[in-house]
Amino acid sequence: MSAFAIAAIFLGFYMLFCLIRVAAGPTVPDRVVGVDTINTLVVALMVLLGTFYKEVIFIDVAIVYALLSYIATLYIAKYLEGSPW
Amino acid sequence: MLRSLTTGLGALVIYLILTMESGSLGLWSLEELIVGAVLALGVGLIAGRVLGKGEADYKKLLNPRRWALFLVYLVGPFFFAMFRANLDVAYRVITGRIKPGIIKISPGLKSDLAASLLGNSITLTPGTLTVDIDKENNFYIHWINVRNPQPSPEEVCGRFPRWARRIAE
Amino acid sequence: MVIFIYVLLGIGVLFNGLGSFALLRFPDVFTRLHGATKCTTFGSIFTILATVAYGFWGVARGIQGDLTLAIHALLALIALLLTNPTGAHAIARGARRSGVLPKRAVVDAYEGYKFEEEE
């Protein structure tokens, strides 16, 4: 069904908004918020593309991507906090 | 022991869901079942205490009544509150009318499981975002539309503390 | 059934767009986190539910392999629901502790909060 591809194109377009925030954000946490939003959108996009192409492997990659990007976000947040580990 | 078994059981369930439709024995093939059991045992032995602190937390995790309550909570009040939250954020994105501030509430939860459940619920529901939590389980919450500088827990997050207490305490 | 899937996809795309637009519209980190976390999580729930509905529809028509699609998509949804609010909380806490103040704040109960030295 091509509706899934069209929705995926929309999600890719929204990533541009987040990229503007990543480029322009005045402070570092602003940029991190932008990257985190892009991560969520990428997971949704991979699931949609996996449905469009009928490839289950895309969705498996999406699961792993969600968990790994979460760890990366936690790592950056902990670094921003500046407290001893 | 209970810790390792619970963690291993969780790992096994996720493995079995991921390898569904693979063979002849029901939905799974024999090889997948054996590999899954061995891997789950290994993961349970290595990462035995990731899901909670004491034995009491694990007894809660193995209680099916709590899981049933959790599912009811997830599709009922939680989903409804999330829907309202999104309409609220949509309204504020379009009109730009905000009045933010960081407030402190003390819902009086004792266990870590209940506190994390309440914190995640607060983040996804109308106009509130958990910023920090201290040793006495007081929540510091960023509220997008402050109506009262020193609110009671009911004013900020409705009936959620009661649900969290019923599910995970 | 096709219309139902279209509606789910439409709601999902709409709220995802709202979330990314909130990133540009709001004044500081915390309000941006509000928009980004809530709206993109909600939108992603609906787009993934569209996939799940499509998969179960395929199972009902007897197409091979669609059950796997739906179940794996549900697992991705669970991963997203568990990790997203926690990540937002971590960013908010990191931002506040690194000294970013909420703009236009009416009240800040966090002032004077003593950070305990964790070991």
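Here the chain labels run A, B and C in written order, and each chain numbers its own residues starting at 1.
Just so we're on the same page, contacts are C-beta pairs under 8 Å (C-beta built on N, C-alpha and C of every residue); 3 or more make two chains touch, one makes a residue touch a chain.
In this text the structure is predicted, and so the values were computed from the model without any measurement.
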Chain with minimal offset from the mean of all protein Cα atoms: C
Most distant chain from subunit A, judged by the mean position of its C-alpha atoms: B
Chain centre separation (subunit B, subunit C; CA means) in Å: 14
CA centroid of subunit A to CA centroid of subunit C, Å: 10
Between subunit B and subunit A, distance of the C-alpha-averaged centres to the nearest whole Å: 21
Residues of subunit A touching at least two other chains: 60
Shared-contact residues (touching 2 or more other chains) in subunit B: 18
Overlap residues in subunit C, where contacts from two or more other chains coincide: 21, 33, 41, 65, 68, 72, 75, 84, 86, 88, 93, 97
Residues on subunit B engaged by subunit C in the complex (per definition of touch): 14, 17-18, 20-21, 82-83, 85-86, 89-90, 92-93, 96, 98-104, 119-120, 123-124, 127, 129-132, 134-135, 140, 142, 144, 146, 149
Parts of subunit C lying in touch with subunit B, wherever the complex brings them together: 15, 18, 21-22, 25-28, 30-31, 33-35, 37-39, 41-42, 65, 67-68, 71-72, 75, 84-86, 88-89, 92-93, 96-97, 102-110, 113, 116
Complex contacts: residues of subunit C adjacent to subunit A: 2, 5-6, 9, 12-13, 16-17, 19-21, 23-24, 29, 32-33, 36, 40-41, 43-44, 47-48, 50-51, 54-55, 65, 68-69, 72-73, 75-76, 79-80, 83-84, 86-88, 90-91, 93-95, 97-98, 100, 115, 117-119
Subunit A to subunit C touching residues, read off their complex: 1, 3-4, 7, 10-11, 14-15, 17-18, 20-21, 27-30, 32-34, 36-37, 40-41, 43-44, 47-48, 50-51, 54, 56, 59-60, 62-63, 66-67, 70, 73-74, 76-84
